[in-house]
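Listed after this line are the structures, all set down as structure tokens.
In what comes next, chain A is part of two complexes: it sits with chain B in the first one and with chain C in the second one.
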Partner chain A sequence: MIFETVLITALCILMLAILANLYRVVKGPSSADRVQALDSVGINLIASIAVFSVLLHTHAFFDLILLIGILSFIGTVAFARFIERGVVIERKR
Partner chain B sequence: MKFTDVFLQTSTKILVFIIMTFSIFILFAGHHNPGGGFIGGLITSSALVLLYITFDLQTVRDIIPVDFNQLAAGGVIVSVLTGTASFLFHVPFLTQTFTYVDLPLLGNTELASAVIFDLGVYMTVIGTTMTIITSISEDEK
Partner chain C sequence: MSIFYTFMFLPIISAIFIPLLYKYLNRLVHIGWFVSLVPLSIFIYLLQYIPDVAAGDTYKYTISWIPSLDMNIISYVDGLSLLFGLLITGVGTLVIIYSIFYMSKIREALHNFYIYLLMFMGAMLGLVFSDHLLVLYGFWELTSVSSFLLISYWYERKSSRQGALKALLITVLGGFGMLAGFIMMIMMTDTYSIREMIANLDVIQNHTLFIPAMLCVLLGAFTKSAQFPFGIWLPDAMEAPTPVSSYLHSATMVKAGIYLVARMTPVFGGNSVWFWLVAGIGIITLLYGSLTALRQTDLKAMLAYSTISQLGLIMCLLGIGSLAVYFGPGESGTVFTVATFAALFHLFNHSTFKGTLFMVVGIIDHETGRRDIRYLGGLMQVMPITFTIALIGGLSMAGLPPFNGFLSKEMFFAAVNDVSQAGIFGLSNIGIMFPIIAWVASIFTFVYCMIFVFKTFGGQYRPEKLTRKVHEAPWGMLFSPIILGLLVIFIFFFPNVLGKYILTPALTSILPMMPISSYDVKISAWHGLNMELVMTIGVIAIGILLFKTTKRWLQALRNHTQGLTLNHLYNEGLSGMERFSVSLTNRYMTGSLRHYLIYIFSFFVIVLLGSLLLFHGIQFDFASNSAISIFDVGLVLGMIIAALTVLFASNRIMAIVALGALGYMVSMFFVIFLAPDLALTQMVVETVTTVLFLLCFYHLPKLKKSIERIPFKLTNLIISIAMGLTVTLLGLSANGHKLFEPITSFFENAYELAGAKNIVNAILVDFRGFDTMLEISVLAIAGLGVYILVHQRSKRREQRETE
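And now, the complex of A and B:
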């Protein structure tokens, strides 16, 4: 029972971290701030899913952790490419 | 000014193999665990999108000479043929079966006919997604 209390406390702290990131998404002066805050939200989401799968005694969500990692990386790279060059996929270098 | 994305290109060369391996794992794990053809195809096309972002459209088209329209059509054909193959055994359309076979390297393995249907779904999802993305990205400015 004390173990579940620790896990729920960790989830609450992760929720506070996501809220702090969402403040930066809304308030951020430049678009690079918003992209980086969204990437950080993805990382906090991965940690939340890991804590949830410990809490629910299942390993059905372990693929989801890797999947969100991949999708967050590709989304951040695409946005960075768009900020840097104005085009995501170039036709010819 | 000429950019050279050394960090992005070097990490892409490693990450594409990891993502492709993960997508094949998801495709074949879909019979007993979460996963399947749809999400496997989406992960494979995300690996291809990472290649398209890092390099350009012409380079990736040279190293992966696959017509994604034909890949989508081939996936639909594979799925339909898996359904009609059940008529050969006098059972209804899309009936699936499984058996246990002793494979030389893998041991006692369960082979299900639903995997071939999943393979058709996988090819169709890759073909459709990559057709959408490449046809959007190759229009003139």
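And now, the complex of A and C:
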């Protein structure tokens, strides 16, 4: 019972963190801030899914955790390349 | 299939062989000779019906066409259809013989001409012999189409094309009206056969659809028979070759409407609306046609308007004759039976003399190169035979003895005199207008007949105004008009032969309810000094007076304003309609996708929200909903923030990022609602989509990369809010209206049924694998499409560089 309360509290805190990150996504001021915030949202999502899985006693979402990890990495790299060079995938010429 | 149908379909069947004949035989002999055998054989075949039909017999033939729909080609040979059948084939034979000499073997595309002509002849025969209403309609439209083809025979001329278009538009308009009327009649009586309808008269006459059906059928009849105000196509149809004008536009097709009115008289006759429309429109047409014919200088146009006027006369007589149905058997009924008889008599006479006159005009045109009355004159000495025929035809049309037109005109005067004293349908007040208008119109008719004959053949011969060296026409060309001219005189002296064998049976089919005795009496009574004769003498006296003084008033009549003519109205109406349609279409088809989306969404909202409100569909039932957890609230809040950010983003990249965030939160929802597969897929797809958006963002053109807010528009706001509201209400209401248990329990047996522990995947590839296959093909198509688009573009760029 206590364990569950702790988990739910953790989830709520993570949710708040996501909301705070989203505020940063909205507010800016620069694109880099937004990308950074989005990456952070991804990490928080991983955490909250993990907590949620524990809460539900299921391991169906473990794939998702891994996937978010990869995607958030790729996404951040892609954004970074875009901000840096203006393109994501360069042409072979 | 009886021998009757062999002859009925002979024209259409032989039309198929015309191109063959034309290809192999036309160099040797004019193919018109072969064609002329077709109507001649049908004519001879139909002649053998005369004794039986005159004795009161009728014949019915049937071949099944679509028996399951009760669509069978039912043909019915009675007096009326036999009269028309003989006219069609008889005049047809003469016209084809005439056309052999009129149409050049070398210059003209004869195979086209004769195919169209045979097609028309077959359609016309089918029309008059049909008893099945829808089959009748089919043949009716076929006459319109073949007439269209024949009018535009010289399709390289603009006026031919315009005339054909006008004729088609007007007659097909009437044809559609007639179809509607027929369908109403079929609905009322539950039968397709005209004869069975006549047998069930009381069902029709007490039905609410009686008047609408009558109006629709009359629209068809009036447009086809060039009645006021639909007659304007007929003068323009004079662009057709003269044999066509002579055949279609005087003797046969324009009488299809007359046929229809005569055929429908037993059904609709005796009604005041029918009487006033048929007789009233008829007599207006008579006056209008005769007055307008005076204004023409072109001989064919003059004959066209005279045809209109004579058709009005026949129509008026049919209207008066329908009173016999009202009075029924008895003395008054018998009086008006004569009017119907006169209508049939004049119909026959008109076919003879108008055919003659058209052929005469054709001869004049052919030999002098002119058709305009202002260039012609003094042809009497050069073309004496043509002059004689024209004189016979012209005087018959004017209504003089000893020609058949006299007899029918006398009967016409008798009928209008009788109707003015009928004293029903409000006739006691304005019935007197009938004889007056008829008399005035007859004077005009007399004058234009005089002009036709004597301005062309009398006066000074002026060869310098003519384009060819004038001489008498060849005998082959004169043959047909001579036959018709002889018939004109023959009928005057022996009208009773025609009356007894052909017209009386036809009268029996128009007025089947009258006793037999009422048909016979009147035919011989065509002599005697009476009111009609006085009227005719008046016509001749005033007519001659007017003809002598034409110089004083004719020019004034011709010059009077063109703005009030029906043609002007038609042209203005047509171009007005086009302009209106264009402006209407341009107003809403703006080419802007934004506008089309507004239409689609507002229509969606109006229909769905409207029906929700109308049928009290908005009912919420939250009883079965699960509890809302704090995670749901948090996620929804986040999604709302992200969605609003998309809307109010100040640059595009921010909108893209917010959209991505939205997508991720959707996948979070999938997590909360325990859908791991969906969450996985959503995650990947969202990422790829965001990357694609960024790609698009990068490729925006440099010039207009103005980074602005989305401009605010009140319409868009209202529509988007209404749209969201509609969908929300729909979703909530639908949620409260679950009627049946879901079928989820079936899929829970996935392991036993499909050997899969993952239900979602089992559904995707096993239970409903078909959908998955098609989704895969959708992706394949999308991939191929993208590849092709990109590849083509780079290819084109390469081409441009090499150039």
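Just so we're on the same page, the second predicted complex is superposed on the first by the 92 of 93 C-alpha atoms of A that agree within 3 Å, B and C clash if a C-alpha of one lies under 4 Å from a C-alpha of the other, contacts with A are read in each partner's own complex, and residues count from 1 in each chain.
Note that in this section a contact is a pair of C-beta atoms (placed from the backbone, for glycine too) under 8 Å apart; a residue touches a chain by one contact, two chains touch by 3 or more.
Note that the structure is predicted; figures quoted are calculated from it, not measured.
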Which of chain B and chain C A:Ala32 touches, first, second, both or neither: neither
Touched partner set for A:Ala60, first chain B, second chain C, both or neither: both
Partner chain in contact with A:Arg85 - chain B first, chain C second, else both or neither: first
Touching partner for A:Val41 - first (chain B), second (chain C), both, neither: second
Dominant contact partner of chain A by residue count, chain C or chain B: C
Which superposed partner A:Ile13 touches (first chain B, second chain C, both, neither): neither
Touching partner for A:Val77 - first (chain B), second (chain C), both, neither: first
Set of chain A residues, in rising order, touched by both chain B and chain C: 60, 63-64, 67, 71, 74, 78, 88
Parts of chain A lying in touch with chain C, wherever the complex brings them together: 8, 11-12, 15, 18-19, 22-23, 25-26, 28, 31, 34-35, 38, 41-42, 45, 48-49, 52, 56, 58, 60-61, 63-64, 67-68, 71, 74-75, 78-79, 82, 86-88
Residue numbers on chain C that touch chain A, as the complex places them: 630-631, 634-635, 637-638, 641-642, 645, 653-654, 657-658, 660-661, 664, 667-668, 671-672, 674, 676, 679-680, 683-684, 687, 690-691, 694-695, 698
Contacting residues of chain B [partner chain A, same complex]: 3, 8, 15, 19, 22, 26, 29, 33-35, 39, 43, 46, 49-50, 52-59, 133, 137-138
Residue ranges of chain A touching chain B (in the complex, touch as defined): 60, 63-64, 66-67, 70-71, 73-74, 77-78, 81, 84-85, 88-93
